[in-house]
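As structure tokens, here come the structures.
What follows is chain A paired twice: with chain B in the first complex and chain C in the second.
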Partner chain A sequence: MKLFARQVCALVKLSFVELWRRNDIFALVLLGLALMVPLSMATPFGAEGASRYLDEMALLLVWGFSLFIALGTGQRLFPPEFESRTIYPLLAKPISRGRLLVGKYIGAVAASWSALAFFYVLFVASVLLRGGTFAAELPQAIVLHFAFVALAVSVSLLGSLLVSASANLTLSALVLVGMFFFGRRLPEYAEGLNPALAWVVKTVYAIAPHSEFFDMRQRLVHGWGAVDGGVLVAVLAYAMWYVFVVILLADVVLNRKRV
Partner chain B sequence: MSECSDIVQLEGVTRAFAGTKAVDGLSLKLKAGEVMGFLGTNGAGKTTTIKMMLGLLAPTSGTVKVLGGDPSDPHVRAHIGYMPEVATYYPYLNARELLAFYGGICGLDAKTVRLRADSLLESVGLADAAKRPLKTYSKGMLQRAGIAQALLGDPDLLVLDEPFTGLDPLARIHFRELLRGLKERGKTIFFSSHELGETELLCDRVAIMKKGHCVYQGPVKDIAGDGATNLERLFLKTLEEAK
Partner chain C sequence: MEKLFANVRAFFLLCLFLGLSHVALLSSMGPRFGEAMPQVVKGDGALAVAFGDARETISQAFVHKADSYFHGGIDMECDHLAEHGNAAHDDDHDHEDCHDEHDRGEAMQGAFDPWHWINSHVRAPDVHRHLGGGETIELMPWFWASVKADPHNIDAWSTTWYIANNMMKDKDLALRVVTEGLEKNPDDPELLICRGRTIYDNGRGEFAAAREAFSAAVAAAGRMLQRGGSPDERILKARDFAQAYLDDLEKKASMEHGSGGR
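After this line comes the complex of A and B, so read on.
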């Protein structure tokens, strides 16, 4: 157990260093600041109520940035190790492939969460500076967003072991963003289709990661109130189950991969 | 560590890729404290053999035992140090951070890693560059960082893939002395190389591979006599005869 903890700790540190020493993250942080700071100062049309649209815009930016970081971090876990051949000295050490996979996943999630926490600090600051307040549902929204990031990293990690970087990033983003915006409408859409197409749409609905479950932006912006605790637990359980299955599949793929 | 004196035991090992045998019926033994040079032309099966010795590849047939166990077992690998032929490592880390990372993977505590890292960086001549990012290192410096990470777990067996590649003459002498020191400390060393002169200067025994077959195994002292060209002659003659 001590060995596992030390190995995971080393992999988490590596993920943090890798994420925060990359130039593109600095670009993203600067972009975040450049967009959030004006939002914090704006008073649109002099109308107080209009500030909720600014909140919505800021939250959408936070979601976009977090998805970008989660997919990028998941994608960078293994392919660069194979390309630069660092995978050989790593696998020659006393660590199994399964443990390496889990350690790297935990590291990537922790690093992505650190970036997400940073963006939420910016968001909260932008709201407070505008004189706004927070609804009680903010902690729930943040918890679900963190769960979504953990799920997105796992999807990207699995994809990185199966297809090229560009294909993985495109497909993962398409699926996650597609489900985010259209996921809840798929069953309704399937009803109007012929049986074969309806089956395809229903299968996609059953298999694809339900990003929309984690989105509480509207509740947060319009003050619709917190969701029931049971619903929150169910969504978190769904995220954990989905991540477990995806990581299990990634483990199978990694163990079959020839180095 | 294994009770038997054979640190590495390969018995009739074959590894095929899509029907092509990269290694064919290889049998090889390496005793504790021995230094063995593993020679052969490009594509002879040296790296495939090394990967099987590290448990990175499973043999298609035959048995591979390292330190008395299966090298795919992480407990066995805890006693093996490996330096790959070409590795860029993690460009955004410095040498100290690299060793701290690998130390964590080996399960070493922070204090032990710090002490070993200091001593290793000193012995490979990287103490002054320890805080520089690896992306600024020359090829020779990366090789030295590579040997440092291989030695971090204080392994019984050291497996080096083309360790002299990219080293300038001074670094080569330094590296040779480092390996000699390890030999004197009783470490078992197995290295593949194209550098026949270095092999002759360092090794107790050599094995020569050609197209997946081991065509020669023997002690270096049997062929030594009038300098480094002996091994070169033997190498060329063996490959010629193996046609």
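After this line comes the complex of A and C, so read on.
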């Protein structure tokens, strides 16, 4: 157990260093600033005081950037190791493939969470600078967002073991973004389709990752209050189960992979 | 050398021929297809050039977003804002016909769907609410974006005016909005009515200015109706509405004269 913890710690440290060295986060922050600063200076018809549109835009950017970071981090866990053949010395040490997978996954999630925490610090700072207050729903929204990042990393990790980098990033982004915006409407869409297509849509609805579960922006921006504790637990349990199943699948794929 | 001159001469002749035929073609197409293919970009600025008529759709999308904000971020089938935005509309309507997505979702669900249950609880609760008073300032950025995208979206202008005038009770802002709207759409009867109503309701006794705006609205509506085609119901309504205000003003003026005479 102690050995496992030490191995995981080493992998987490590696993921952190890799993510923060790449400067992706700083480029994203600069992009965010370039979009948000002009928006925050706008006074529509000379009327001042509107802030919800800024909160919504800022949160949308935080979501977009976190997805970008999560997918990229998940994608970079194994393929570069295979290409540069550094996977051999890793596996030559007394570490199993399963342990390597879990360790790398935890490292990637921890690194992505650190980036997300950084984005939320900037978001809260921007709200406070505009004279806003710390919303009561914010801790819940952040917890759910963290769970979403863990799920996105797992999806990207599984994809990276199955298809090429570009295909994985495109497919993962399509699925997660598609479900984010249209996931809850899929049963409605299925109603008007022929039975075969409706079955496909309902199957997608049943098994695709429901990224929209983690989106509390509406409550946060428009002040609808926090969600019930039971609902929060249900969403977190969904995320945990989903991640568990995806990592299990990734383990099967990695074990069958000829390295 | 002689060959080079021959080539250059042939090149110039070819250019001359192409140029002349181009001019001839354009001059013959102009009168024939001038009406069918007007090469005029409505509006000005980079947006007009880049998006063309797609701006109208973009503008409507911003109005839809503003409507969603009005309902606390929920998309609802509710005409409250749109109806009030019509300058020729006099208040109150109830919300029995308003339905939100939650109603539709619940109606469609048969067996228990855990994903739907989570979704409906994570998203905003099943409550129909409207922004009111000063909170409606939150709608302004979306309407501003809407009229920037399409400066000829009269609904957007008049709804913005309604929010400033009736909800925020900010008459100066309302006048600013309608003045800007009239700059982009001179002689629009609905915007002239908006202007007249703000001045009329102002309580500053600016009846002369209000009368001027309503008269201009009646005249503008008359000109639009004279242009032919089937009469637009909105223009007819706007004309009648402006005329009703003018009659009211005349009545008030004659009463003041009467009381002054006694």
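Operating definition for what follows: the second predicted complex is superposed on the first by the 238 of 259 C-alpha atoms of A that agree within 3 Å, B and C clash if a C-alpha of one lies under 4 Å from a C-alpha of the other, contacts with A are read in each partner's own complex, and residues count from 1 in each chain.
Here is the rule we use: a residue touches a chain if its C-beta (ideal position, glycine included) is under 8 Å from a C-beta of that chain, and two chains touch if they have at least 3 such contacts.
All figures in this text were calculated on a predicted structure; none of them were measured in a lab.
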item: Partner chain(s) touched by A:A34 [first = chain B, second = chain C, both, neither]; value: neither
item: Residue contacts on chain A - larger count, chain B or chain C; value: C
item: First, second, both or neither for A:P187, with chain B first and chain C second; value: second
item: First, second, both or neither for A:P89, with chain B first and chain C second; value: first
item: First, second, both or neither for A:A234, with chain B first and chain C second; value: second
item: Partner chain(s) touched by A:Y205 [first = chain B, second = chain C, both, neither]; value: second
item: Partner chain in contact with A:A196 - chain B first, chain C second, else both or neither; value: neither
item: First, second, both or neither for A:H222, with chain B first and chain C second; value: second
item: Shared chain A surface residues [contacts with chain B and with chain C]; value: none
item: In the complex with chain B, residue positions of chain A that touch it; value: 2-3, 6-7, 9-11, 13-14, 17-18, 21-22, 84-86, 88-96, 258-259
item: Touch list for chain C against partner chain A, complex; value: 69, 72-74, 104-105, 108-109, 113-116, 118-119, 121-125, 134, 137-145, 160, 164, 170, 173, 176-177, 180
item: Interfacial residue positions of chain A with respect to chain C in the complex; value: 42, 44-47, 49-53, 144, 183-184, 187-188, 191, 205-206, 210, 212-216, 218-219, 221-225, 227-228, 231, 234-235, 238
item: Complex interface listing, chain B residues touching chain A; value: 51, 54, 56-57, 74-75, 77-78, 80, 82-90, 92-93, 97, 100-109, 146, 149-150, 153, 159
